[in-house]
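Okay, so chain A shows up in both of these, paired with chain B first and chain C after.
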Partner chain A sequence: MKTSELEAGWFPAGLQNYVLPKTAGRVMIFDNDIALWRGEDGKIRAWENRCPHRGMRLSYGIVRGNTLTCLYHGWTYDGAGACAGIPAHPELTPPKTIRAKAYRAADSGGFIWVANPDETTEAPSIEGDWVPNRSVHIDLAPTSLNELIKGMDAELALKITDRAAVVRVPGVTGEILLAFLNMKEHGAMIHTSIPASASVDAAIAVSKLTGRLRQIFKASSAA
Partner chain B sequence: MVMRRISLEGSLNTESCLAMASHFARRLSLSSTIANATPSRITLTLTGDERLIDMFEIACWLGPDDVNVDTITVETI
Partner chain C sequence: MKLFDYVLSGNCYKIRLLLDFLELSHEKQAVDFFPGREHKSDAFLQINPLGQIPVLEDDGAYIRDAQAILVYLASRYDPTGTWWPINDPSELGRVAQWLAFADSITSTASAARLHDVLGYDLDVAQARAGAHKLFRVLDDHLANQELQGFNWIAGSNPTVADIACFPYVALAGDGGIELFYYPAIQRWIRRFVKLPRFKLMPGINIFD
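The block that comes next holds the complex of A and B.
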């Protein structure tokens, strides 16, 4: 049976507001299918997107309190991934071995970050108060952070990881946070956050610049 | 806790089928012993909660692509 493993390090899986409390969503990190969800406690969780029972995508699941219930047969998992209930056997205490594979997950800089369960480093701690601004899908993943920065006509201020940086972009006062997520054959996602103090005009300008990247990393222009 | 002998019959890729059985037994906290394994029949002894052994049986109907289970026989030991 295939065990999904990510490369080492933390991946910017999406904007923080992509998954609101009491909801679930889906993200591809390279070719790893991952369910993201938040309980009422607001804590972000990232699990292999596969119910241990029948393989249904857990991203279709229903969040109740701080548990996630699979849409298919109603198996319920607690916040740590352990099965907490099986509707067909209400009297059964599920064994601890029935559990969803949980990755590490954290919120930082307006992004959701995901890493392998055994990742030894902490999620990037990004100084300042950031708010999520925009995500766009592009056909082709940038080969490097530098290529993305160049594509955005930006200037590097501070490298956060190999996939995220604080940059300065033309026409915008102050710095923004830029990250990309490679999804292999599914293309890539570009995420941007802006300082909480940024103006609406700055937010719109960054959004437009981010949107332009779709043309730069378009599949048809790859040849 | 109960003990059951489960026999799977069909076109079984022995390696895949044993991996599947071992995976499900571990996930369901069942103790398993392989009694016999050929490309057409695999027999295991399982010990654990009866409801979880039922789940094991159902799970084995939906095995990997290269395992076609035609018959499952469960005997009480």
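The block that comes next holds the complex of A and C.
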């Protein structure tokens, strides 16, 4: 039986602009399928990616105001995960037991971070003003943060978590916030943020460096 | 003007999109692609010997091939000259280079969808792998366009290149091709559905 529990700590689930206000998106954290969404309030939410009604992926859902409506039968959930309306029973006040399973979620350093509902620490706070740079899919997850840093020919400046660090790359101006997300059979995502003051040239350089990681972390059979 | 059309065809959808964007009055003739295989009938082979849809009839002539029809419609009927920038050779090159790319998307991502949705007998693993290779190229390109302040494939405004690539990218999930690997592609899809006069087709469930 799958528990839908994450490992302890905060996971870099994507760049902040992966989920824009009034949209929903899908992310895998190891083998946990998670719906990310923002209401018009801009607040990021992370829920188990299944509607309590029929199991439809909530990442297909429609955001209206600060509610998420399942695409399948229109069950609507408020920002905290409680069912707020069932179209087939318009007179019914949904029982309080109908809830989407919510994880903790936060924006920081240009990233979206997700943790278990009972995570006791706060999401990483990274000094400075960071903007999202690039997300790249790779076939094989790095076995460690060190392996990722080595793959990028980078130098560690500050470890943030077991999956994220501030690094410097010789020849590239400014620091890079670098993280990886293991998606088990789906490979992994690499995410980078850069200082808000970085130039367009620096942004492109970091994006291309990030893209090159595909060649480092590829399946041995891949061309 | 008449479009030989099938509602579930992404290639026909490309033409429907541009007809709507340019607000061109036209009629549609439904072709029973599945299960009728009307596009392979003797009568239809007289219209297009390749047995493919879409086909556009205009001014007494038949034009086949989705990309060719887009180029024709935009060249002839787009008063702004932006969808197919015929007067700017360097921009035209930037647009045109994605048309063959769009055809490659059809032979990979669309093939995987035909396998999964309509039961076509083909090597779906190869089709999906081919689509992922192309999607990486497109995601790289769109991500670097965004970092330079450009929202679209060829620059600051949408062109025929965006229309040609859009349907089978947006429908890729129907062929078992995950789009959460490609955040820049997902943002581009969100921008596309916000274009004035955009209409959804069945299978594309992205609501503004």
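One rule holds for everything that comes next: the second predicted complex is superposed on the first by the 217 of 223 C-alpha atoms of A that agree within 3 Å, B and C clash if a C-alpha of one lies under 4 Å from a C-alpha of the other, contacts with A are read in each partner's own complex, and residues count from 1 in each chain.
Definition applied: a contact is a pair of C-beta atoms (placed from the backbone, for glycine too) under 8 Å apart; a residue touches a chain by one contact, two chains touch by 3 or more.
Model, not experiment: these values are computed from the prediction.
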item	value
Partner chain(s) touched by A:R163 [first = chain B, second = chain C, both, neither]	neither
Partner chain(s) touched by A:R54 [first = chain B, second = chain C, both, neither]	first
Which superposed partner A:R104 touches (first chain B, second chain C, both, neither)	neither
First, second, both or neither for A:R45, with chain B first and chain C second	neither
Of chain B and chain C, the chain that contacts the larger number of chain A residues	C
Footprint overlap on chain A, comparing chain B with chain C	none
In the complex, chain B residues that touch chain A	19-20, 23, 26-29, 49, 51-52, 62
Residues of chain A defined as touching chain C within the complex	14-15, 17-18, 20, 23, 25-28, 60, 62, 71, 133-135, 137, 186-187, 189, 200, 203-204, 207-208, 211, 214
Complex contacts: residues of chain A adjacent to chain B	1, 52, 54, 89, 92, 95-98
Residues of chain C touching chain A in the complex	136, 140, 143-144, 147-149, 178, 180-184, 186-187, 190, 205, 207
